[in-house]
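What follows is a pair of complexes built around subunit A, which joins subunit B in one and subunit C in the other.
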Partner chain A sequence: MKIVLLLMGLVAAVLLLALVITFLVATVRVFGSIYQVARNPSIALIAFRSLLQHRLRSGLLGGAIGLVTAGLLLVTGVSVGINDTLLTSATTLMSGHINVGGFYKVTSGQSAPVVTNYKKVDAIIRREFPEIDYIVHRGRGWAKLVSDTASVQAGVGGIDITQEAGMKRVIVIKEGNIDDLQKLDAILLFEEQAEKLGVKVGDRITIAAQTPRGTNNTIDVTVVAVAKSIGMLSSWNTYVNIEQLRHLYQLNEDTTGALQVYLKDIKQVPAVRERLRKVLSAEGYNLLDPDPRAFFQKFDAVNHESWTGQKLDITTWEEETSFVKWIVQILSFFATAVIFILVVIIAVGIMMVVWISIRERTREIGTLRAVGMQRSSVLAMFVTEGFLLGLMGTLGGTLLGLGLTFGLNSANIGLPKSWQFVFMSERLIVTPTATFVAFGIIFITGIITAISVIPSFLAARLKPISAMSHVG
Partner chain B sequence: MIDRLQMLIMIALRNLRASPINLIIGALILGGTFTFVVLGSLLNSINASMAQSVIGSLAGDAQIYSAASKDELALYGSMGTDPDLKNVDQFPKIKAELEKLENVKRVVPMGASMAIVTSGNIVDLTLEKLRNLYKARAGEPTDPALAALSKDEINARITNEAAHVRQIIKVLQGDAEKALKDLIDEKSIDPEVVNALQRVSTDDFWASFEQDPFSSLEFLENKVSPQVSDAQMLPLRYVGTDLDAFQESFDRMQIIKGTPVPKGHRGFLLANFFYEDQMKLKNARRFDKIKEYLGAGRTIAKDDELTRFVKENRSQTRDIVLQLDGAATVKVTEKLQKLLGSQESDVSVLLGTFFDTDDSNFNERYDFFYKEIAPMLELYRVRIGDTMTIRAFSKSGYVHAVNVKVYGTFGFTGLENSPLAGTTNLIDMMSFRDLFGYLTADRLAELKQIQRDTGAKVVTRENAEADLFGGDAPVVTEAVAGAIDTDAQFSGETKKLRKEDLLNRVYSKSEIDDGVVLNAAVMLKDPDRTNETIDRINALSSEKNLGIKAIGWAAASGFLGKMIGVFGVLLLIGVGFIVVIAIIIIFGAMVMATIQRTQMIGTMRAIGAQRGFVQAMVLLESVMLGLVFGGAGILLSVLFMTWLSVFGIAAPNDVAYFFFSGPRLHPHYSVSNLVIAFAIVQTVTLISTLLPAVMASRISPLRAMQADE
Partner chain C sequence: MISAVVVAVSVLTSAGAWADAPTKEEMVKLLQTIDDRQRNGGDYKALAYIEQKEKEKADIVRELLIFRRDQDDKLMLLFTKPKSEEGKGYLRLDKNLWSYDPTTGKWDRATERERIGGTNSRRSDFDESRLAEEFEPKFLGDEKLGKFETYKLELDVKPGVDVAYPVIQMWVDKDSRNILKRQEFAASGKLARTAYYPKWQKLFSQSKKSDVWFPGEIRIFDEIEKANSTLVLFKSVDLNNLESNMFTKAWLESKSR
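On to the complex of A and B.
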């Protein structure tokens, strides 16, 4: 067993080494070729003409390269789309860019996701962090909603709608008025929950939950608004007036679930988070150790720690959505594997095409060499052929991909339910980004150019005399 | 004819060797065949072992549920909540009808929901100890270990425990007061609670404790303990079922601790994984896990997860310290001092040092823990054999509570460590209906009793007005304000629910079946004909108006099955795309190969080869190519798969146990995998040769021979 493994390891290592060396050599040759072409642009012209001359071959391979580029564009577009939807829905529904949440433990075995004396925390953050765009505070709850005909278990967020500018921007109201959440006994549902509960705007529902002291409490609320779903996360969330949520959990005025901090620039998240930790501990707050999970996954750990009282927990939006991240990861793994296989196939294709091109033009090469063309120029000629084919193919593919993206987005394809879970969204969203377009073009053209070095090497090594006498 | 074929084959073989392009195409064919076989077999194997997991642990061969349900059945819940299912009406009739079908072996009723268990309240546990001591002193010991003690010893222990209780209450009260200031809305506090807390904090209360210990204990248990609760609320998912039928039907299920629930009794079986993972003392659980992972070759020094475990063990000794009473603390302190060679007298510091394990001392400390410390601790929050109170939100939003005895824990062979298979607990059908807020035989009897007692009569819709407001019936009763006599109110079955005897009642099969059922597992005699039987059941349902829907394991497993479906489709799209690109490339290569041989083909045509012959030659060449390289690909993949199935693929994490149906997946290839992969690749090759073959046959001999290249 061990010997087999060792042997396999050895073979893999040798293969890997060979591959690395090939690529190093190829890269050097590619740069050499660039130099040659720069010195003598007619090389590029010859390469281009030769491509034009063999339309069928160039067209086929160029088409294949184009399809793969378009595929790459679509796959990355879908993955960016998923991430964007996740970001928008997460930062609207359940998280700020950064959250200052925390747990209050009445006894060491029981915790509530509450920040006490939050106004002071809020003031400190506003004072110390000019990077902040705005802060909202939200109550965190998990309760049973009961209508006349049905019941669902869902997250109940407590909000102060007058502060929720961001939320009002993103949430699309289907029925009712979101501003009615100012009323004490109001609730906002998403269409999926409203449908499940069989309620419309104006209907009453009961919310039942367990308070931090272990007793059960219920409140009655009126549905004031039904919103359109925004991604999968919205099926977990409902909103009530934060005052009402405090009544449900029998909490006092100066408590909230979490301060959701929105930054002007989301790229500053890691830096601000670090400084927040420093500032808040300097102010005498106890902080939980960083734990990259959503707050509701932490109860078990927190309940077994021996402290009581308040501890704050500073998290990012990515951590709060980590429980769905694995789906995105599987998806990207899968996409990478498919793209990898495709790139291998077209690499084989390009080797073949350049190699055939060389065989066909052996006599031509011989003549060119005989009239004084350098080996490096011959190599540069064929590498340029590969490069041009790759470039044209990827450019065409990018156009095709962008067209498809546009078509798919305007077709507004609704996804079936099980697909919504994987794609985090109600409909298929493809978001092409300049980065990935550039990446697709450079990556595929680069690989194709590098691969074309291998057969081109053979061409450059031909001796003029044998090349000229070559028949067929 | 034979001669011609022979010649064709010879030419094709020669061409194969002659052109390096063929090597490239061959490599593609070989790689393609290999990839398709391996991917296909792996997917099939995972699918099969998942089917095994789902069918063997909960679903059965097929599931039925009410066709009128709002949601689809999802046995493992969907997004944290259970689907909204309508009850299956007339389950006994449906069961009888289904069991008449020839392939149906048995129908097992079910229903799933979430509940909350509160457990591990240190105050309650200590009070119970104290009560046992008082009982022993009064001459009626409940614990045989206490019976042997002398009066003095008991008195000493009582003093010890009472001090312990007072200490705990004082600490918890302090916490509660702090919370009142920071967290809790004052208006929601009941003045009676404040009074009770004040009373226990006075010395008078403790001084007079001895005068009437039992009523003092009762006061602590009822009025104080709930206010200073240290209990943990543990969410728990359970499936109510006919436990006897379940045990007989799911043969991978085995009792791991304790005993099965006796026939027809109410009872609870905890999933062993859940019991270990959620109910065991966390430090002990982490010790077990470290031991397991070290056995798998991981080390504390290099593994982040293990390092975290050690860190948590070091900092979370509170659960242990709280469990130790005075005498035990002294003993543990001595033992730890000896082991660690330390003079430290604070037991929590000692425990912290003890749990700071590394790779060299772990095994020694693990053995020491289970030999010396564990016997003094309650390792699990719920003991097997205890009665546990389960509370659940019923469908209507009210909280129902049921007391039920925990008989034991169970697991499924191969899935012992799988979180997915190991978090669903089992409860008897009667308790399930109580918790879910449905009418049970007991409740029905109670209702009838109340109806008789109060003389209530059915008011129909048509006569409602007349019955309720009209007529000259005498006033039934006047509302009178006054104290409620709880004993008189809770007569009948509700009172019985609070008593032990309900737990010992034996229910008949028809009582278990006759009532609300949310879904049911259908076990088949021949599982290979599952799809056919599902169709039969659905047909039967519409024919006899049973109002049920039958589905297979994948659909029943809810989002799990759907996810597998989605990824399957995505894989198909990926494979489809790869096939298209491969066709283009192979096609290109074939065209090139044909063009290259223009001269040769022209010559052949000139010396009398027919167009058909040339076509056949090119096609045969690609067939040969496909056969040779495809065959090599098949051979290679068979070798690889055999190697995989012998050594197996270790599950990368706990979650994967479920998909692998055990800790290792031993994938198998089936002949169909080979045939399908081979067929796909051959078709691809053949399709991409069609045009080049035609092209080749169109070559005119004259031009071909004149051509320079």
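On to the complex of A and C.
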């Protein structure tokens, strides 16, 4: 068994070594070709004319490269779109850029997602952090919503709608009025929940939950607004007036669920978070150890700890949405795999076609060599052909991809319900970025150029006399 | 012996029908009677079945064993059926209720007011009665419940006591002193749960030297989700002494394997 493993390891090492050597040789050859073309620009002209001369072959290959580039642009665009939507919906529905939440434990085994005396914490943050744009405070709850015909478990956020400018910008109301959340007995549902509960604006529902002391409590509320779904996160979030949420959980008015802190520049999140930990610790607050999970995933761990009283928990928006990040990661993995397969297919195709092209043009190579063209110039000519083909194909593909992106976004294509859950939006959003456009052009052109080195190298090695006498 | 005398005295003093609205002391005595009649003082073991009916879900029947040592306030529930629930259990140690799941091998601290096994039954449905300790009674009047003459009482939780429902209305049979109906209200005052106790049984306890009463059946109706109900049946109650060291996590885990 050990010998087999040893042999397999040896084979893998040899293959890896061969791959590295091939890559190095190809790189050297490509740079050599660049040098040749720089010295003698007519090589590039010959290569370009050669591509024009074989229009059909060049067109088919360039088209295939273009399609792969457009595909790469679309797939990465969808991935970026999902990420952007996740950021927008997460930082609207359930998280700030940074959150100062926490747990209050009446007994060691029973915790509630509550920050007591939150106004003092709010004042400290405002005083110490000029980086913040604004802060909102939200109540956090998990309860059963019961209508006359059905029930659902959902997160119940307590909000002060007059302070929620960001929420009003992002949430699209399908029915009712979001400002009615100022009323004490009001609730905002998303269309998926309203559908499950069989309710519409004006209907009454009961919210049932246990208080931090374990007492059962209920509130009766009226549906004042039904919002359009914004993907997975909206499927389990509802909102009530924060006063009513405190009433449900029998909390006093100086408590909240979390302070959601929004920064002027989201890139400052890591630095501000670290400073926030230091500042709040220095102010005498007990902090939970960093745990990169959403608050509701921490109850088990917190309930197993023996402390009682208040501990604050400082999290980022990415941590609060870590439970849906796997979707983005799977999609990115899927996109990468698809692109990789397409690039491999195209690379093999390119190699085959260059090979065929060389075979067809063996006599031409012989003639060029006979009139004095050096081997390095022949190599440079074919590598340049590969480069030009790759560059034109990817540029065309980029234009096609951008056009398709524009068309798809303009068409406002609605997604089926099951897809909305994954895409975190009710419609398809494709967001092309300059980074991915540049990456697509450079990466695919580079691959095509590198792959054309091997057949070009073989072409350059042909002897003029045998090449000229080649038949077929 | 002392507890038997207390019960006897309590029953005698509260046995007669109240001519007028009873005093608070009389009502407290009635609650003590109800509590004492169900208390064994020694050990308790019962086989029980919980049938859970929920809207748009298949009915589920769970079989469980209940172990109690009232003297030390100990309680253990061990699910034996169906297969998916087998080995799950609850154990109260001191003031903490722990739940055990053999599939993960993890113990989680649960609230004493938590639903048992996801049903609408609570720990208090299986534990010894503590009405006099936890609630202040108020007389609401005499009421006829079917063919039974009953006292209707309202119980409000005492300050500082944590219970699942802070207000309870109770219908107590004037003749037998058994609870026939119980309505439990959420803190908001909304009716949350109605329980009926159609069968009461008694068993002579050697440790108590008198009868111990227990409900043969409890029918619980969810008043918030109207379509949901729970039936709890108590079978084969045994008041003999249990193993001395069984109220431990290790014991429950060993039975879950």
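Some observations on this one:
As a convention for this text, the second predicted complex is superposed on the first by the 445 of 472 C-alpha atoms of A that agree within 3 Å, B and C clash if a C-alpha of one lies under 4 Å from a C-alpha of the other, contacts with A are read in each partner's own complex, and residues count from 1 in each chain.
Just so we're on the same page, a contact is a pair of C-beta atoms (placed from the backbone, for glycine too) under 8 Å apart; a residue touches a chain by one contact, two chains touch by 3 or more.
This one's a predicted model, so the numbers in the text were calculated from it and none came from an experiment.
Aligning the two structures on subunit A places subunit B and subunit C in clashing positions.
Look at A:Arg57: by the touch rule set out above, it reaches subunit B but stays clear of subunit C.
Shared-chain residue A:Ile330: touches subunit B; no touch with subunit C.
In the superposition on chain A, A:Ala438 makes contact with neither subunit B nor subunit C. In the superposition on chain A, A:Ile345 makes contact with subunit B only, while subunit C stays out of contact range. In the superposition on chain A, A:Ala18 makes contact with neither subunit B nor subunit C. Legend: residue contacts after superposition of the two complexes on their common chain; A:Ala208 is shown touching both subunit B and subunit C.
Contacts of A:Asp220 after superposition: subunit C is touched, whereas subunit B is not reached. Subunit A is touched at more residues by one of its partners, and among subunit B and subunit C that partner is B. In this superposition on chain A, the options for subunit B are 276-284, 294-302 or 564-572, and subunit C clashes with just 276-284.
With the contact threshold set out at the top, residues 107-110, 144, 146, 150-151, 206, 208, 210-211, 213-214, 216, 218, 250, 300, 303-304 of subunit A are in contact with subunit B in one structure and with subunit C in the other. Contacts from subunit A toward subunit B in the complex involve residues 1, 56-57, 60-61, 63-64, 67-68, 71, 104-110, 112, 114, 116-117, 144, 146, 150-154, 196, 206, 208, 210-214, 216, 218, 232, 235-236, 246-247, 250-255, 300-301, 303-306, 308-310, 330-331, 334, 337-338, 341-342, 344-346, 348-349, 351-353, 355-356, 359-360, 417-419, 421-422, 472. Residue ranges of subunit A in contact with subunit C, taken from their complex: 107-110, 144, 146, 150-151, 206, 208, 210-211, 213-220, 250, 300, 303-304.
Interface residues of subunit B facing subunit A in the complex, by the touch rule stated above, are 20-21, 24, 27-28, 31, 35, 70-71, 79-82, 84, 114, 116, 118, 120, 122, 172, 175-176, 178-179, 182-186, 188, 226-233, 278, 282, 312, 315-319, 393, 395-399, 559, 562-563, 565-567, 570-571, 574, 577-578, 580-582, 584-585, 587-589, 591-592, 596, 599, 647, 709.
Note for the complex: subunit C touches subunit A at residues 55, 95-96, 108-114, 162-166, 184, 186-188, 190, 192, 224-225.
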